[in-house]
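Two complexes follow with chain A in common, the first pairing it with chain B and the second with chain C.
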Partner chain A sequence: MSEYVKIVIDGTEVKARRGEKLLWAALENDIYIPHLCAIREEARPNASCRLCFVEVEGTQDPVPSCTRTVEDGMVVKTRSPRVDRLVKTGFELLLSDHDLKCRQCPANRNCALQTIAKKRGLKLKQKRFKPVARNYEIDDSPEEFAFNRNRCVLCGQCVFADRRENETGVIGFAGRGINRVVTTFQDLPLAESICRKCKVCVDVCPVGALYYKKSPE
Partner chain B sequence: MSTSGPREEYGKLLEEAREKVKSGEGRARVLVGTATCGVSAGALKIKEDFINEIQSKGLDADVVEVGCMGHCYAEPLAVIAKPGFPPVCYGYLDDGLVHRLVEDFLAGDDPSYEYALAALERNDVFPTFEDFPRGVYEEKLILENCGYIDAYDLDSYIARDGYGALAKALSGEPRAVLEEVKAANLRGRGGAGFPAGIKWEASLNGGDSEKYVICNADEGDPGAFMDRSILESDPHLVIEGMILCAYAIGAEKGYLYIRAEYPRAVGHVQQAIDRAREKGLLGTSILGTDFNFDLEIFQGSGAFVCGEATALVSSMEGKMGMPESRPPRLASHGLRGKPTILNNVKTFAYVPFIINRGADWFKGIGTEESPGTAVFSLVGKVNSTGLVEVPMGTTLRQLIFEVGDGLRDGKEFKAVQIGGPSGGCLPESALDVPIDFDSLHEAGAIMGSGGLVVMDENDCMVAVARYFLEFTQHESCGKCTFCRLGTKHMLDILNDICRGEGDPETLNLLKELAEDVRDGSLCNLGRTAPNPVLTTLKYFMDEYKAHIEEGCCPARVCRDLILFYIEPPRCSKLCNVCVGSCPTEAIFTRDDGLKEIDQEKCVKCNNCLKACPPEYNAVIKLSPPVLPPEKEKKAK
Partner chain C sequence: MQLLDGEKEQILSVVDRVLNKSNKKREDLIPVLQQVQAELGYLPALAMEKIAAGTGVPAADIYGLATFYNQFRLNPPGDHQVKVCLGTACYMVGGDITLESFERRMEIREGETTPDRRYSLERVACVGCCTMAPVVVVDDQVEGKVTPTRVDGIMLELEAKNGQTGKEDQSAGGRDGRQEEGEQE
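And then the complex of A and B:
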């Protein structure tokens, strides 16, 4: 069996490693699909941000491309009215509890939400839903970086990076439903936790929730 | 092969059990229903009363705890079985009635039929439950023993051929069990209706030798209590089903995932496991064969989402109870990464019947695509609430009006909520839908785990949708975007509508969002949470419109859209009851001696309406909340 399979995405035939998830196959071939939570090394996809929907021929409903393994001859569309509708709603839901003061955000112009908006022609404002205020205090206890949970999109990139770097994870998810947050054990400020200030979490945050107080040179 | 096979081993157990049961038959027995439904109605006290009365009269009679017979509306319940008489069931018991029954029936020979609900065996004197209108429709399989056998006594299960299916299966190949369950097309009773046999077979493919069997007894739907009743009333039936599954797939370890809020179920199951182990029905060398299988209880902490398969497994592994994306499925990659079969309590409960009586017999009950029976907890505004079992294909109308004996107080039927928070609300026009997995799905509801709530003209469908959304929003684990934020915004919108706020655009937004949460969520909690909203929007649009266009709640439920008003022509100068009932002193006596409500002070608690004597019935609710014109004139 060949190590590669051929699939068609948006009318273009591309090669993808056998066993690869659709999302990575597309990105590797420079075909954009919005995504926040996907982590290539994770055996089981998070599938929690619900932004990477695509249509796969033969499958009735749009599927998150991070969950679907490529198959030889698969025909995929990254855009369709149903995909666009789901992505728009998902994106607007994320904006509805996101601190939208972009100009004050260190991730401004380097933010995954801004990228999605640009690539998919979506607005960085939404009017359909009432904003949900989260009102978390900013944890600026570490010397070099800070954590503003009001910007957090709960993608889990920081949690994964932390687990990979540190034997005992420093941060993790806590709380349920609308109160789900990334935090330390016992909700301690980072400086008082077992955090070693390795900053891998800051480096992977796609939206400026974890950020350097002074932007690095 | 040893000379004594599983059938012989079982034969010994059966003989012992029959003998023991027989030896008790010469004595009078009082069976008190002490499942959770009975206990909450005071059954433990009733049991004490029986014991005390019997002792004080020096009578020779046993008092036994049994489970739930399904007639929960009449709890506390007891059956008196006295030699020479048909066993008779009595309901609505209190200490006086217990005294009377012991004196007249146990000490004397008068069965006091005037207090009886039904006899349990056909006789010339008194009707049985089968003679009830509901008896025509009911067909009891997995509820057959419930309320009739001593839930603490393994022998009374064995004496009714319990564990006979296991003995039969163990004398054949595991494959035969699997084939029988597959041929029976037994569909999962936990909600989705996935064929159990196909699931079991999938667990064989991995080639892994370590496998698990898990029984899902998380039962988190508000209003559902079938699984609890079965575990409390007939725990060995479920255990036997699990052992059969383990034999079919080659598992040695199993768990019952029971929510910790079900302490009686946990207690009953634990002692059942212990008894079964003592008799060689669990543990090593089951019934003398080389088949080993043991069971353990895992107590869930009561999060609704932990009933979802992957979340349940995560929580058992010590992780947060959150769903995972599938595939891989549990059958190949379940608990601790091993092939795992997860089935609902009821699904397992059917297995001994299928093995004993065969797939063809099973397929003869119910419909072609959904064979077997359906078990419901029938609640809400029906006369006979309780646990019912009917063949699949019975219509909702038969279930509500015949089995449930229609609506209470002659009220008009409005809707039936079926399938719990993941289900839908169906109107009168859908009542002829047959109850089976596929027909209900088509109508917009789901079979769910079997909660069935009947609603009448006094129920507001917007408020009902809001209630279920409040539940799912609260139970959302928060992992995925659509469920975490989508249910929150849906609830916010419904709250607005219940306050009369919004415009036609609000309803469009609600519908769009509901569809997107359904299509976009990670697990079935989010994917089904919109069902109550989508079905009420579909079938009860008028009510939504009345709320936002007229500020009117037609069922007069939504607090912000109603006011309480005392109709002067009906009010009496001679009566003061409402004044005393009001907690905020909002009701005052006018100069003419009639009563009036100060709307500023009224907190809409409903007390005055309940307190006003029926001969006046002067307190009414108005919606929209505007006082009648003549009232305004007078106030000036």
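And then the complex of A and C:
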């Protein structure tokens, strides 16, 4: 068996490593699929951001491409009315409780949400869902970085990075539903927790939730 | 929440006992938390830290679990437990206002316990008597049509009850009197 399989994405034949997930195969071949929560090293994808949907020929409903393993001869479409509708809804829900003050955000112009909006022609200011202001206090207790949960999209990139870097995880998800947050044990400010200030979480944040107080030179 | 005298030792021994009976694996966490809560009445931070150390699961994950499931409480039950219904009927007639009134009177938030452990406040979803909305369950007593004025009344009644037992408390030296009660259990 060869190490590679051939799949067709949006009419283009591309090579993908056997066992690879569809999302990464597409991205490697410069085919864009929106995504926030996908982590390549993770054995079991979270599939929680609901943005990377694609249509796979022979499968009835759109599937999240981060969970679907490539198969030889697979025919994939990254866009279809059904995919676009799912992605739009997922995106709008994410933005309905997002602090949309882009100009004051350190991730402005370098934000995964802005990228998705641009690539898919979606609006950051959605009107379909009632906006929910979360009003969390900003945790600026560490010297070099801060955490603004009002901008957090709960993608889990920081939690994964934290667990890879630190033997004892510092941050994790807590709460449920609209109250779900990334936080420390007992909801303590980072400086009072067991955080070692390794900052791997800041480096992986796709939005401006975890950010450096001073932009690094 | 400040621990009472002797509570620390009790927490440590309960957690030890429960952990030793389990396999100390991630998948045993929920039963472990349930048993610890059954014995202590709640999940103190110290207990969660000990469980984290014993199972090798990050404390942040135990906290995540305990905050995800409604069955777990992070604060000790108060002497008087107030449960405000926010089911559909109660919510529609202003159950949230009732809850807010209690929060203001007790100076705590929903899910918390006053520092003296007299009162704890919770929200529940439907007690089964929607015609009496907004409903509040005070200890085991169901109260109907609880307006903010009635909240004041309920709190006065509870304080009066405290006053009666409080006299004994004072003669026995305040909080110590209550602890003796606890130890007998």
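We adopt the following convention: the second predicted complex is superposed on the first by the 217 of 217 C-alpha atoms of A that agree within 3 Å, B and C clash if a C-alpha of one lies under 4 Å from a C-alpha of the other, contacts with A are read in each partner's own complex, and residues count from 1 in each chain.
Methods note: a residue touches a chain if its C-beta (ideal position, glycine included) is under 8 Å from a C-beta of that chain, and two chains touch if they have at least 3 such contacts.
Predicted, not measured: the structure shown is a model, and the values here were computed from it.
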- Message: Once chain A of both complexes is superposed, is A:Arg163 in touch with chain B (first), chain C (second), both, or neither?
- Response: second
- Query: Between chain B (first) and chain C (second), which, if any, makes contact with A:Gln60: first, second, both or neither?
  - Reply: neither
- If you stack the two complexes on chain A, which partner ends up touching A:Arg85: first (chain B), second (chain C), both, or neither? first
- Message: Going by the contact rule set out at the top, does A:Asn135 touch chain B (first), chain C (second), both, or neither?
- Response: neither
- Item | Comparison of chain B and chain C by chain A residues contacted | B
- Give one of first, second, both or neither to describe whether A:Phe185 is in contact with chain B, with chain C, with both, or with none. second
- Task: Tell me which partner A:Phe173 touches in the superposition: chain B (first), chain C (second), both or neither.
- Result: both
- Considering only the touch criterion stated at the top, classify A:Gln104 as touching first (chain B), second (chain C), both, or neither. neither
- Which partner does A:Ser2 contact after superposing on A: first (chain B), second (chain C), both, neither? neither
- For chain A, which residues belong to both interfaces, chain B and chain C? 173, 175-176
- Item | chain A to chain B touching residues, read off their complex | 44-51, 53, 61-62, 64, 67, 82, 85-86, 89-90, 93-94, 96-97, 128-130, 132, 154, 173, 175-180
- Given the complex with chain A, which residues does chain C contribute to the contact? 45, 48-49, 52, 58-64, 67-68
- Touching chain A in the complex: which residues of chain B? 303, 320, 324-325, 328, 473-482, 484-489, 492, 509, 512-513, 516, 519-522
- Item | Complex contacts: residues of chain A adjacent to chain C | 163, 168-176, 183-187, 194
